[in-house]
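Multiple structures follow.
In what follows, subunit A forms one complex with subunit B and a second complex with subunit C.
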Partner chain A sequence: MDLLTFVRGPGMQWAAAIFVVGILWRLVGILLLRGKKDLSEPRKPGWRGLRLLALRSWPRKEFLGGTAFGEIMGYTFHIGFFVALLFYLPHILFFEDVAKGLIGVNFKQVFGVGWPYLPGGAVYFFSAISVAALFAVLIHRIASPVKRMLSNFDDYFSWFVTIAPIATGMLAFSHFGGPYPTLLGLHLASVELLMIWFPFGKLMHAFTIFLARGTQGVTFERKGASL
Partner chain B sequence: MSAGNTTIERPLVDKQGQMPEAQRTANAMKAFAQDFGRTASIYLESCIHCGMCAEACHFYEVTGDPKYTPVWKLEPFKQAYKREHGPFALFYRAFNLKARVTEGELEQWQHLLYDSCTVCGRCSLMCPMGIDIAGLISNARHGMAQAGLAPKELREAADRGSAPKDFKDRISRLAAEHGVDIPVDKTKADILCTVSSTEIEQYPKSIVATARIMKRLGANWTFRSDGYQANNFGLLAGDAQRQKEASMKLIEAAIACGAKTLILPECGHAYGALRWMGANLYGKPLPFKVLHISEFLADSMRSGKLKLKRLGKSVTFHDPCQSSRRGGVIDAPREVLAALGTELKEMFPTKGTNWCCGGGGGVVDIRRADALRHKVFHLKMNQIDETGAELAVTSCTDCRKTFDDGQARFKWDKSMNSLVELVANNLIEA
Partner chain C sequence: MTTLGDTLSASGVSRRAFLKFCTALTSLMALPPSMAPAVAQALAKAKRPSVIWLSFQECTGCVESLTRTNSPTLENLILDLVSLDYIETLQAASGFAAEEARQHAMKESNGQYLLLVDGSIPVADGGIYGTLAGESFVDMLQESAKGAAAVVAIGSCASFGGLPKANPNPTGARSVSDIVKDKPVINVPGCPPIAVVMTGVLAHYLTFGKIPELDAQRRPLAFYGETIHDRCYRRPFYDQGKFAKTFDDEGARSGWCLYELGCKGPITHNACATVKWNAGTSFPIQSGHGCLGCSEPDFWDNGSFYKALATADWGGAKAIGTAAAVGVAVGAAAAYAARKRQNRVSKEG
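The block that comes next holds the complex of A and B.
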């Protein structure tokens, strides 16, 4: 079995299984722990604190000075990554296939319009921006004494599995560095690596960010504390 | 990465009790694990090591030392969580991916968890993930206290508790000295007032001021010698049992005299300890209202029961972290200052993001932390000087103590004033 056949077949199936089961395992492991009911008399309804989900997406002006670089670079690579993931036609066709296999319909049948996509050149541009921003955050992680001290294997490996699918996707798109089937195989392999690592490391913040912000928001709001 | 991989300048370490290393670390982790509800787990699972919390911490701000990064102060406990309790703990243990926390690491972290953290919660507002880092620091202190690794000043104060007879004697002397009635141990009262031990030791005029205000209001109130001390060294040391004992004394005293309202003194952490933690320690909702004295004053002014002379001065207000940022008492003291006819000149930052004075969380009582605390105090002096206000006011005796100490140390030309004393000195008699 060659690389492309493997990553399109059993590789993808195993990666998807580990991705889904791992995420569920970690989330259930957190959410099944006992929650303590707060018996204090609330000052305000706690649910209003769910606005923290949006509010914490940008720091207060008092905190912006020292964090602006991290915030801007963080947003830049996330946006580039998701534009490439969600608005590149071959990705959309792949998701259509998956959706059709799972629920028997495609987006157009559900929403009346097809998933919008961007020209390949535009996606390539966004990918390049994302790669540049990822290198900037890596350099910052190594250069900043605070971030360097906090960093462990998870930080560097998560960085690698994030940048690898973008970089290999760009190579495959431009047919640069080898035969297309090999480049596509590497691209899919890097995606599968990301999927396999996702539940175990910090990439899970894609889920826990909502849990943590929501928890702090509700807990603090019922006290009338600052958000 | 193991928490032990980074060199931390070893400060003096306080230890209580004789126990083998394995016992000490097991106690620490057991007590920390007892706090592992869903909330703590969500927070511990969410850190992305962005380091942004450093920018919110006054100890990092003034030293630039990365070890003061708030989330780093939790490192041994994060490590222990992953190894012992997280959803993938089995893998971490099987492949030794996270090393077991050692007694040496815990000893090193005593400086980070106590001397250089006021639990002010500014970092919790900075964290882009929404982690309540300050809340986790309190959990970690539980572990340290159980391991016999709390600073001796906090440990001793928590063990000392309150002294009813001394309190009664002190109050009767104050009443005689100042010519004011101060009721103690009434069997029935609508309002139970409480004090901070810092008021008894350093600011007794605040107790007299409270009595004068209550008299002016014609309130049916009392102090109780069986439940008077609102500040809670059990909370600061991390001793959950001592914390509960101290809170239960107040709760039982309020119930004993049938109080409808319990008023907490000018003390930030006393507010958090009873207003937000009291019912959870009691096991059911409290059968009385709990108010910070600035809330009580604001209520009294709103209802027209209390009228004040106008000061006609400019003031700036220092928000105590535990009652303001983390407790929600932000507007009440400002309403009182407005009723005093003052021009409020806010610091920048202020209210929820105000810089801590550096003395909270018990830090002002830890002697070996003085040098670092004094460095931090420059932030406050600069903030207050920049407002150009004539008066600086706060509503926390530990903040006031920190300011008075800083003023003496740096020969600063500003004094910190008590909101309650300011009100008592400007009452309009009926």
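The block that comes next holds the complex of A and C.
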């Protein structure tokens, strides 16, 4: 069995299963934890604290000097990454196939229009931006003594499994560095590595970030803290 | 032994037609155009090698492809001009006479003859699923390969096992290279292979007296060095993001890329997009159907022909549902353990 056959078959099956088990394990494990009972009188209605979701997603003036680089690069990476992930036709075909298999309908049946996609060249451009931002944050992390000290294996490995699918996807798209089937096989293998690592490292923030911010916002608001 | 040149002249093939063929062949073999005269000279002087063609688990599609090449073409003549001493499908002799011809050719040209094989070889249960003249296919292959100069596996069945090897492979079908380990094996896959690719490989052997440069799958690089997608005339539409959504929509009629309809061109190495079929008339994608990937190993088992290459076998709803149930159970168990720990800590505190 060659690489491409493996990653399109058993590799993908195992990665998908581990991804789903891991994500639900972590989420259910967190959601079923017993929280501390708050016996105090609420100062404000807690639900209003959900605005922290938006507030924490935007730089605060007071800290701008120290956080601007990370925030700009963070947004640059995420925008580039999600454009490549969600608006490249082969990716859409994959997601639609999964959706069809799980819920029996595709995007067009639900929304009346097909899932829009961009030409490959445009996706390549966004991927390149994303890779550049990832390298910038890595250099920043290594160059900063404090960040370097705070960093562990999880940070570097999560960086690697994030950049690998984008970089190999760009290579496959441009047919650069080897035969296309090999490059496509490497791309899918790197995606599967990402899926397997995802629930168990810091990449899990994709699922927990809004949960954490929402919980924190409600708690703060209830206590009357200024958001 | 007469040379090809002698026989071609006797057959009435003009020098001009022969040179034209050699030029095309030179181009096909990815050689510089300046090599054409050298190829012509070498071919004209080439001795007619003895060729034994064995057919095993096959559908005769490969021989059909070879014989239906807009006959008569020079490619046919070249094949006629090898000494085709044994080929069950085409030979007049049958029974003992046919087997005798094979034995005779093997004896007379020991160490010199080319062995061509189409079809896979069943090995399950002692090879009883394929026998000929009281001999199993696997025994016949091993016996015939012993004195061969090289073995050419014609078609995907002989090259990789093909359809007979498709899951669940009840006969234990194997490729030629799974059986023959001590001789050079050239794979010429395709279901069927393009006629001119088959004759091109033979012509290369006749011209240079050695097997052509091969890729990791033992396929001649001259014909299998690039993917269909690399040379597809619809490729610009792929790059522009223009895809046919059905076989009869506006995109399909405008010749847009067939990727969404399951075309396997991006991962299929073959010369269809350049050499084409039926004397260069067309090839499947040009006729409006995606590539099936028939010159790649296990193409029959690599998912639906009509699902885009981007899709993968991710396990299906049942597997993902099971994984979700396991995840929830493990998460609940983890939370239960955490709560128990909380209780213990609060009691101790």
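As a convention for this text, the second predicted complex is superposed on the first by the 227 of 227 C-alpha atoms of A that agree within 3 Å, B and C clash if a C-alpha of one lies under 4 Å from a C-alpha of the other, contacts with A are read in each partner's own complex, and residues count from 1 in each chain.
Note that a contact is a pair of C-beta atoms (placed from the backbone, for glycine too) under 8 Å apart; a residue touches a chain by one contact, two chains touch by 3 or more.
For clarity, every value in this text was computed on a predicted model and none was experimentally measured.
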Clash or fit, subunit B versus subunit C on superposed subunit A
fit
On the superposed three-chain arrangement, identify whether subunit B or subunit C touches more subunit A residues.
B
Please indicate which partner A:212 is in contact with in the superposed arrangement: first for subunit B, second for subunit C, both, or neither.
first
Determine, under the contact definition given at the top, whether A:17 touches first (subunit B), second (subunit C), both, or neither.
second
Go through the superposed model and pick first if A:178 touches only subunit B, second if only subunit C, both, or neither.
neither
Which partner does A:45 contact after superposing on A: first (subunit B), second (subunit C), both, neither?
neither
May I ask you to decide whether A:89 touches subunit B, subunit C, both, or neither, giving the answer as first, second, both or neither?
second
Just to be sure I read the superposition right, which of the two partners does A:97 touch: subunit B = first, subunit C = second, or both, or neither?
second
Quick one: is A:33 in contact with subunit B, with subunit C, with both, or with neither? Answer first, second, both or neither.
both
Does the superposition put A:120 against subunit B (first), subunit C (second), both, or neither?
second
Quick check on the superposed pair: does A:8 touch subunit B, subunit C, both, or neither? Answer first, second, both or neither.
second
Quick one: angle from subunit B through subunit A to subunit C, Cα centres, nearest 10°?
160
Rounded to whole Å, the nearest C-alpha atoms of subunit B and subunit C in the superposition sit apart by 5
Please report the subunit A residues shared by its interface with subunit B and its interface with subunit C.
25-26, 28-31, 33-34
Footprint of subunit B on subunit A - complex, ascending:
25-26, 28-31, 33-36, 38-41, 43, 52, 56-57, 59-60, 62-63, 65-67, 70-71, 74, 144-155, 200, 202, 204-205, 208-209, 211-217, 219-220, 223-227
If you look only at subunit C, which of its residues touch subunit A in the complex?
227, 229-230, 238-241, 243, 245, 259-260, 266-267, 269, 297-298, 302-303, 307-317, 319-320, 322-324, 326-328, 330-332, 334-336, 338-339, 342
Mind pulling up the subunit B residues that touch subunit A in the complex?
1, 6, 36-39, 41-43, 45-52, 54-56, 60, 66-67, 69, 71-72, 86-88, 91, 121, 124-132, 275-280, 282-286, 289-290, 324-330, 348-349, 351-353
Name, in rising order, each residue of subunit A that touches subunit C in their complex.
1-2, 4-5, 7-9, 12-13, 16-18, 20-34, 89-91, 93-94, 97-98, 101-102, 114, 117-121, 175, 179-181, 184, 188
